[in-house]
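Below, chain A partners chain B and then partners chain C, in two separate complexes.
Moving on to the complex of A and B:
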């Protein structure tokens, strides 16, 4: 690209346009980010008093059974999300993309609607849906299969309840991305494959899947990043607690407990950094990979 | 077969909503008795006369659970934040897309770095910073950190790069148009779909945000819905199902309306980062 020798605009103009963003990002991102490093080497008692402990926070984390429990729970949820949510979302998008489907726009709206309801409100709804006796789930199961109407899901199957609530909330959300990608698949290529005698599943494997691969990667990483930051859903579902035997304790909930119930912002920051290190590779891959795609 | 499957999924998706709408009009006793609407002698064998508006009256008037007031707080917080954030993001995105200046590369890198950091990491240091700035328990402490999202700068940068040619801007400059006027009367109208999408994205994010107001706010009168509804649960000892369902529906209805208005922009804005179309 040829560079202009002189500028038509005032050289200060771009800085003026950027000034609100730069001011806020400096005060409320760059500074807290640096301070989080500093805090991770301190123990604090509330926001006002801190005491240098060097690496103790990280060493304590290594031997903290609750932290490992939180990590294990979060991982379980993330894996379930990946292997249940993504195939269901893709399947739903494939179904909805069939040419004979009527009311596609309307159905898309229905499937997407739970994603608009924030995790807090879904958590709140879930306390009602999973409740014994009056809850929707037990009522329906009892009506269909004579299932025990008093069964206490939130005592025995916290993770199951979380995964079901997560499915309800995010399958339609992920479907939107797959549907948009499917509508960009080259129709001529599909027709050519059909004429060459490729069966439906062969067309799916050899034509559809390769052309939606970037979106597939995007959705997988987005779900992974989101799953690792799970907090509101279990927190509200379990009445602001990690649930019986800490079955619903997640990494971010443990961060919250330490920082804002116990008051140790240092330990909370150390947990935050472990989370950041776990997520930095998938996030960087997602941003970098798709950032590069868009430049073309 | 496939139609059945689609129908089944649609039903499963909608069932909790339908159940809650029915529940919000029921007395507590009927909650136990009927899955949807209570039986009776009225039309379709439903006891219409047993339905009640008490649950809604309760959430609008009860002192212990001022859900209506919380709704107003949420509207105020979400609208202010989304307006400020969208303006800042559009301005920043425009500068990064259409100007050549020395700090362009480092600032773009900063935007990308911001996107790499999981927000929970900043929770503790931001809390400490707000404590030092005496902004705890204020709306400023909630709105300011959310008023310049890097994600928005990134989205607007892409939208402006794709939608607007440099020639239009240079032509306007040669005609003596000022920089502010170029931005407001040429750039903004050309990226209107992105403005709609991003207003919706930020409004939704603030409306549904729980962890930040939960940590920062202390005065119950200032709570937005996300926090108030959890306190409501406590106030009624997790027993008042009718009131709970009414409060939940009241919390998600405004979002549903807004979505119906802006759905096309919102959905295309959402997927534009992932799908090149």
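Moving on to the complex of A and C:
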């Protein structure tokens, strides 16, 4: 009886509780998502002028040299992130996890500090580092090796400069995740391995790495997604341009150019959906691979 | 579900269990309390915020709203002119100073959504180009052609200066300055070397005559002085465009067709590539309009640089040590008797067509940009040369300028003003600029790699690179069905 009464009096309660969440999700996520699908099949100039072009935006992308250039650049940056940024972050975390390192707390703050100030600041500082004649890098190289003080890094090595700026920005950020994971590695396991005669690298490969695998997978995924969404760093570093010969053009920069400089939100939406599909691949792989490992 | 079922079972139990009874009461109250408090809070917030939104007093300011770009160095001119206009018209003006990006975003959002926008908008050239991307009816600015004709202004404005603010036969903005270009050079360095700059007419003569000034001062094996400041990458592409326009080249024909791969353009980028190629590098890229760039200019890192009328004010502000050491001259031509000037950037004032106060806005436009007194002030305080040809006979333009060693700077700019080339108003001009600047940079790399020393040997490669650039821009432009219509 009490059960029936309770149900009669509160049939809408769950929906009322859910309604703010559903409203926000609907207005700010579902509707824009559906609208972006709709837009991807139109050519637009702002929301007021639209032509239905069906698949033309996607077909144009296939033949668009700038899109492929942006994709190549973004992939290059993503690969550098995987093979430079993450090993460096893990290495730093391993180093700063050692009890014999003095000033660890201070060093952690130093390495993490670029993440505190953000990519715009790091991008701006990087322009000062890589500038010709007055740039810090050229000054140091000239002083040490007699290097050409006028060498224009931001003309000739845009991607290299971008990768270095990215390392500066994100190595310390990823290091924090690894540090947290390393501090949770079971000490007993390490002791047991040590007693069994395992060397340092064997303990790292067979004990530490398996223990931090979930965090490792998370950091890899986060870095990949971040790499594919790269925008602020090249935007600031290259003075709001894609750099000489579009060497610094990324997918999101190209999306921005089309959507907000040219005003074709349709083409920008198509780029956005291609990006989303690209990102689904590593995400699915990460969930599949690391999920199965965890089950095992 | 489990909780209710549990309560139901317990309620059938006859034995008195004080702890269970207390728990039951507390949980029921807690549940009721949570539900009601949550609902009340959410509903309350929704009602309060909704009412606030509906009943909020309208804070729209009275009078005209004027969005202007953030240029601190000529702010005073605007302030005085606006105060005068307010006194004359008995109207209010609310000035909002915005950065380029902020202004662009707000303006585009307003144009797209039809939401309120300022009565007057001032903007830089680079922002205006994006306005032309859509169909004609989507251009949010009022066509000023009729107003200009009505007030007899169309015939007295330097026509080439109107070009970037015009699209498809309509004029959407009034330029603030001519933005013509002269060459500024370090007279102290040049005269010490015994070089007569007056005898130089062409770029070839300039480079050949001044070549000995490229020097390794500190003995580290690298030059510490170059002849000309020139953007070599594609940050803006403006420097290469300046020289191409001077030579009579262009990126778009009058119908908007992409014509990047032309003989003139190939000739110009071949020369620029050779000037920048090592080991005989003559030009250098410096970060202009930054502290570092200013320091390099002060230090004599370059002998000469291209300056527009408005840029001479920057020199006075940021290159003070160069006062009395710099002179101006018409820029060297590409061939004898050729054009001795070009054009670099500008600002305009336009009236959004959705404005409620068109006549008043037009009146304020005329006050700010075309009034004789304000134009005089603008020259005296910011070096800008008015595009109004009817004011060019003003004696203030003949005043010697001590910064430029007593030269009549204003008159020098005005003499060249009618020859200022037109800037195409294509929506894709920015992309074209960058593409051509990239082509010039790649051509320079090619020249360095192959050791090519004559521009004629670069022509075929120049055409190849320009053809690539043209294909890229054509791909962009052809996709735009609004412009095809």
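As a convention for this text, the second predicted complex is superposed on the first by the 259 of 296 C-alpha atoms of A that agree within 3 Å, B and C clash if a C-alpha of one lies under 4 Å from a C-alpha of the other, contacts with A are read in each partner's own complex, and residues count from 1 in each chain.
The rule is simple: contacts are C-beta pairs under 8 Å (C-beta built on N, C-alpha and C of every residue); 3 or more make two chains touch, one makes a residue touch a chain.
Just so it is clear, the structure is predicted and the values come from calculations on it, not from any experiment.
Using the contact criterion defined above for the overlaid structures, shared-chain residue A:129 touches chain B, although it does not reach chain C. Once the two complexes are overlaid on the shared chain, A:58 sits clear of chain B and of chain C alike.
After overlaying the two complexes on the shared chain, residue contacts for A:101 are found with chain B alone; chain C is out of touch.
Look at A:204: by the touch rule set out above, it reaches neither chain B nor chain C.
The wider contact with chain A, measured as residues touched, comes from B rather than the other of chain B and chain C. Judged by the touch definition given at the top, the superposed model places A:41 against neither chain B nor chain C.
When the shared chain is aligned, chain B and chain C each come close enough to touch A:17. Once the two complexes are laid over each other on the shared chain, residue contacts for A:219 go to chain B alone; chain C is not touched. After overlaying the two complexes on the shared chain, residue contacts for A:49 are found with chain C alone; chain B is out of touch. Common to the chain B-facing and chain C-facing surfaces of chain A are residues 3, 10, 13, 16-17, 20, 47-48, 127-128, 131, 133-134, 239, 260.
Listed in rising order, the residues of chain A touching chain B in the complex are 3, 7-11, 13-18, 20-25, 27-33, 35-36, 39, 44, 47-48, 92, 95-96, 98, 101, 107, 109-114, 116-121, 124-125, 127-129, 131, 133-134, 136, 139-140, 143, 168, 172, 176-177, 180-181, 183-184, 214-215, 218-219, 225, 228-229, 231-232, 235-236, 239-240, 252, 255-256, 259-260, 265-266, 268-269, 272-273, 275-276, 279-280, 283-284, 287, 290-291, 293-294.
Listing the residues of chain A that touch chain C in their complex gives 1-3, 6, 10, 13, 16-17, 20, 43, 45-49, 51, 53, 60, 63-66, 127-128, 131-134, 142, 146, 148-150, 152, 154-155, 238-239, 241-246, 260-264, 267. Against chain A, the residues of chain B that register as touching in their complex are 2-3, 5-6, 9-10, 12-17, 19-20, 23, 31-32, 35, 87-89, 91-92, 94-96, 99-101, 103-104, 107, 110, 112, 114-129, 131-132, 144-145, 147-148, 150, 153, 158, 170, 173-174, 179, 183, 204, 207-211, 215, 226, 229-230, 233-234, 238, 241, 244-245, 248, 251-252, 255-256, 259, 263, 267, 270-271, 273-277. Those residues of chain C that touch chain A in the complex are listed here as 4-5, 7-8, 11, 35, 38-39, 42, 105, 108, 111-114, 130, 133-135, 138, 220-223, 232-236, 284-287, 292, 295-296, 301, 427, 430, 434, 437-438, 441-442, 471-472, 475-476, 479-482.
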